[in-house]
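Here come two complexes built around subunit A, the first alongside subunit B, the second alongside subunit C.
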Partner chain A sequence: MAGRVMAGRATGTIYTTESGVPVYGIVAEYATPADLYRASEMVRDAGYARWDAYSPFPVHGLDEAMGIRRTRLPILIAVIGLTGAALGYLMQHWMSAVDYAQVVQGKNPRDWEAYIPITFELGILSAAFTAILGMLAFNRLPMWNHPLLRKDRFLRVSDDRFMICIEASDDRFDPEKTRHLLEAAGGTNVDLVEDEPEMPVEDDGGH
Partner chain B sequence: MTSASSHSHADHHAQASGDGHGHGPDRAYLLREDNITLSPGTGRGLSRALLGAGVIGIVLAGFGSTMIGPAGASHALAALHVGVMACLAVTLGNLWYILLFSLVRSGWSATIRRQMENVASLVPLLGVGVIGICVADLVLGHPLFRWMGEHQGDYLLSKKSAWLNQPFFYVRIVVYLMVWTFLARRMTGLSLEQDRTGDKWLSAKAAATGAWGMLFFALSVAFASFDLLMALDHRFFSTMWGVYYFAGSAYAGIAVCILITASLRRLGRLEGVVTEEHNHDMGKFLFAFTVFWAYIAFSQYFLIWYSNIPEETAYYIARKTGGWNALFSFLVFGHFLVPFILLLFRPFKKRPGLVMAMAGWAILAHVADVFWIVRPSVYASGDFVDKIGVGGLWVDVVAIGGVMAVFAALVIRKVTSGVLVAVNDPYMDQALEHKNYV
Partner chain C sequence: MSVLHPDEATARRLAGLVPAPVGAADPGKGDGSLEDEPGKRAPLVLGNRSFGDVTNIVCGYIENKPARWWLPTVLFTGSIAGLGGMFIAYLVITGIGTWGLNNQVDWAWDITNFVFWIGIGHAGTLISAILCLLKQRWRTAINRSAEAMTIFAVICAATFPGIHIGRQWMAWMLFPLPNANAIWPNFRSPLLWDVFAVSTYGTVSLLFWYMGMIPDLATLRDRADARMRRNPNGATVLPFVPIRIDRLRAFVYGLLSLGWRFSSRHWHRYETAYLVLAGISTPLVLSVHSIVSFDFATSIVPGWHTTIFPPYFVAGAIFGGFAMVLLLLIPFRSLFPRMSDLITLRHLENMAKIVLATGMMVGFAYGMEFFIAWYSGSQFEQEAFLYNRLMPPFFAGEEGRYAPYWWAYWAMIGCNVVSPQVFWFKAMRRSPLVIFIVSFLVTIGMWFERFVIIVTSLHRAFLPGEWHMFTPTLVDIAIFVGSCGVFLTLFLLFARYLPMFAISEVKAVLPQASPHYHPEPAGPAGEKGGH
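And now, the complex of A and B:
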């Protein structure tokens, strides 16, 4: 966790709450998808990079309003998928035409036809695995816990509330200005979010 | 943009304040008269020129048949058959999209469907072409459908005589053409009636027709492709053949629709009606059928290659030897690999210029595919070295080019003769604000 807090903070400032817990970010609530959409546009235009919008359902066009760039995952999928297909072909060619060449049913072992189904399957397999695992990795999933889950009000984003949380690790984060921005964008119940405490490494010996 | 229209934009924002973004379509502005109709006389010169050139090409092919050796009639008729079958595939492909879009109540396609209807409504004219080919074949002593002529008495043919006999063949051709004509007239008729009356329930009727029409379409296209293409070699059989011809027709069909809508946009029409988002979805169909065609074509080839049964392999031997192998390789790369890789990239599906280039290429690849299916049958039994008939290739160019030019002329006539979109389609708003949120 400490690594993530430090990662985006070019200024090096660590904000803490009154009780000394590091601040994860500032969260604000919005009543409708339209409010969330407009607030997202404002946060985007203010230049924030490390923040997210939370909604009970997909909001069309929210990616654009948040200024999210298109994912680069497809390029990775294409490269690994085509590599998988090429390796699949070479594997079969090597096994059936080089290492242990055999004539089966009068066919030339070097004919390409027989190798296409496996080549295709391996191409699909590598592409599909890259898509799934790459999606998980790019989204930093699985995420077993999240600082926002400690907020009772946050549970409403799976029901009838829309929220924006700007993280303290953002370079532009400032406790006062960020709060004002979210309020100006129509946010209610603007609140600080505490970061996850560090997990204790050593046994406390208490049992 | 006039001040009236920007006013109504503002109105729309006010109405849509609750829906998250409020960039709804301004229907009255987008569907204004000068955006969805062509000025009178547009394309008339081009259409006439193409019609004239096409007729000259077909006549030249007729003369050519007497000049290129003993197989001349067979050669020229096969070339005309290539042209007719390629253009028929385009109309059938568009008919399929109309049935599909109505059946699944597709929203985004409401702005492009009229152009598909324009193409599909030419099915009866292609039917005239098919009948013309059959009559010419009959008169000339079956140089094309050889199972009716020189192969009579063949053992395999006698085993298939329940299906491959002359009277039944001609009855079937008429039935296919009637099914397609009925479906095309029914679907375009409902759509045009909706233009006039604005009755939303006509779309429900079209959906109902789509449901049973799809079944009859599938069966008629599959069996027609058996009769008109597969039966060119009566020994050959492939249960995948119907799907193979369909895959090519859906591929070429969407390509022609892309070309028409993109050309109309170049003429300054359909501004904001057919957008890059629609291009994107049509491009996805082009991509999908690039892959689908390759999948079907390879599966058919692969099974026949593996099982190695003589009456099946004869088909591929004729098309992979004696110079035809070059065309086979062209299909692998030109019909599949190169478009497949290019269409993976978004600009090739979205940007008007690039998507037009891809569509034009797709039509070329489709014609090459039909050429590769039909033309090797001419010299299959002749000289092994020159099975192409190189001396007669100019006949192929004028015949195929001629049929395609006539077809293009008819398409232009049809497109320029009416309103460019189905204005009263109940899904019009959805189509106008269509966007791919990815």
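And now, the complex of A and C:
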């Protein structure tokens, strides 16, 4: 368990295990979505900020139980979608009415009506790309390597387990108190998660 | 000390540790999913399944050895696809004169097949987008396979306009790319709208499908990873090839799942993005077949020049698409173990109802075309409907005029309007065999619908001196059959290597997925008290 405490970066304390590997956080398992929901409310009310609940499917209402603020993704999608539509319209107008103006079927090339279908499609296309790429970017994905994915028990989250992990980088993180909180919330198999072993942790002179 | 959670109880029962309770299914409820009482919710997944069961069932299709029929079937459909490819090569080398086209009928099977396949592609997005917005939770059982089907249908569809242009190596000119002639495509042409609509639709459907699969691919990754950690010396891909199957799986599914780790903060943005995608795909799916119908409706050809075309085409696309979903899923649910627990009779019944509803819309449109032809007072329009399509030889009056393609028209009416009427009867729309037969007829009928619209309108237009019949050649037939081969091969590969169900979505509609779920046995789930 959390052994010696090392003074680390200016931002705060770095906890390490007895073997000197930095701690990513403490993880606890919950049996059901209902348990996870209750435990999330407790962790939220305890004031933690850098923590997360893990579940095989989105548990209804868990974002409120965790106190997650609504994502701004829809605004980004709307802005880029409308920009894509506007650029799509300008492209058609420039190509058909400016760069190589042509009268087709006796209609003024500056008329806007015939350009609407493609404007619409290009707006949808930009919005769809923003939705998925924006979701990934906001989630900091792809991230093919993560301390949690190295834990054998964590792999069962993708099947039928529910977990909460409170990260050591949280200001309120304390090896003992955090562990007690997770247990009091009904967590089982409470365990430390080791951070990337590649992270430089050598005590150069010992702070 | 601890109360056994019902989820665990089910898991134990299914693992064979506890004998299964012998529950006599109510015969009036079919497999248990048919609930006629309005106040009661019928189960969406049968067999009192746990979360782990859902994972095991769906991942089992990929991880277990394939059934014996799979390899021969995929080789057969793959050969058909390859044969179709060879005929396309022949067409490109020789020219589209190898099709049965002539001066009068210059669009025939190529565009028929295009509209046929793009129409089939509409069911997937309808199920994943519109039914999502309408909160139809039963869609979770079918959305993944329907979305896959959409993509494969769009691939087949996009082939035909691509090869029908004559000089296929100039296909890049469909897109506004700078070129030596300094000319741009004609943005005022419905054919170009079509290019943008279909390519946008294909891309967005692919994104939607892929995004939905990310968590399920992560599940497959984690299972392979866990097996690797337990037993690093598992089976290899082939004897003497030192690549472990599970290592390969963990790598490929891991790469594709982008490191998804089921975080709730991620789920929050994921669900938002999914909802937005559903919201923007809904007008998109309605626009695509509307734009396809503009190809015809903006022309002056009698039989094409019709304002009813956009809604009529959209209804027809959903109709044909659902028929294809049923056509694929009904055999699959009997061939794959325990799939009938996920796709229940109620799912089939719901889809049969949609087929009936959209079939009635299509039937209404067929009737309306005649009314408008009469009401317009245009002789050309009336003749096109009466003597290009409707009139069979045995009703031809004294003049002996009849529609040479009357059999195609009546095949369409029989398949699309008459056959779905059996779904008014409860017993019929609850019988997988009946639904399968009707879906098969509807699929044929929808192909004939496009043939009727395109060929019968063209073959006798304004000048009788130019009238000409269309006869398909071997190349016409082989390329169409080849496209069916491509479609089936892709679907079989999908069923073997990708999750056929949205695992996380199916879990989320199980009753125990609710955070406010209380198991029926004594003792609330939360009071387990530590460990």
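Brief remarks on what is shown
Basically, the second predicted complex is superposed on the first by the 186 of 207 C-alpha atoms of A that agree within 3 Å, B and C clash if a C-alpha of one lies under 4 Å from a C-alpha of the other, contacts with A are read in each partner's own complex, and residues count from 1 in each chain.
Following the convention adopted for this analysis, a residue touches a chain if its C-beta (ideal position, glycine included) is under 8 Å from a C-beta of that chain, and two chains touch if they have at least 3 such contacts.
Quick caveat: nothing in here was measured; it's all calculated off a predicted structure.
If you put the two complexes together on subunit A, you find that subunit B and subunit C bump into each other.
Contacts of A:Val43 after superposition on the shared chain: neither subunit B nor subunit C is touched.
When the two structures are aligned on the shared chain, A:Val193 is found in touch with neither subunit B nor subunit C.
By the touch criterion stated above, A:Val23 is placed in contact with neither subunit B nor subunit C.
Once chain A of one complex is fitted onto chain A of the other, the partner contacts of A:Leu181 are absent, as it touches neither subunit B nor subunit C. Touch criterion not met for A:Ala168: it reaches neither subunit B nor subunit C. Between subunit B and subunit C, C contacts the larger number of subunit A residues.
Once the two complexes are laid over each other on the shared chain, residue contacts for A:Ala85 go to neither subunit B nor subunit C. By the touch criterion defined above, A:Gly106 lies against subunit B but remains apart from subunit C after alignment on the C-alpha atoms of chain A. Once the two complexes are laid over each other on the shared chain, residue contacts for A:Ile124 go to subunit C alone; subunit B is not touched. When the two complexes are laid over each other on chain A, subunit A has residues 32-34, 36-37, 59-63, 65, 74, 105, 114, 117 in contact with both subunit B and subunit C. Contact residues on subunit C toward subunit A in their complex (touch as defined above): 5, 7-8, 50-52, 55, 176, 182-190, 192-193, 196-197, 200, 203-204, 207-208, 210-211, 215, 218-219, 221-223, 225-226, 229, 254-255, 258-273, 276-277, 280-281, 283-284, 287, 291, 294, 503-505, 507-508, 512-518, 525-526, 528-531. Those residues of subunit A that touch subunit C in the shared complex are 31-38, 40, 52-63, 65-66, 68, 70-71, 73-74, 77, 81, 91-92, 95-96, 99-100, 102, 104-105, 107, 114-115, 117-118, 120-122, 124-125, 127-129, 131-132, 134-136, 138-139, 141-146, 148-149, 152, 154-160, 183, 186, 188-189. Partner subunit B is touched in their complex by these residues of subunit A: 32-34, 36-37, 59-63, 65, 74, 78, 105-106, 113-114, 116-117.
Across the complex, subunit A is touched by residues 17-22, 298, 301-302, 305-306, 308, 344, 435, 437 of subunit B.
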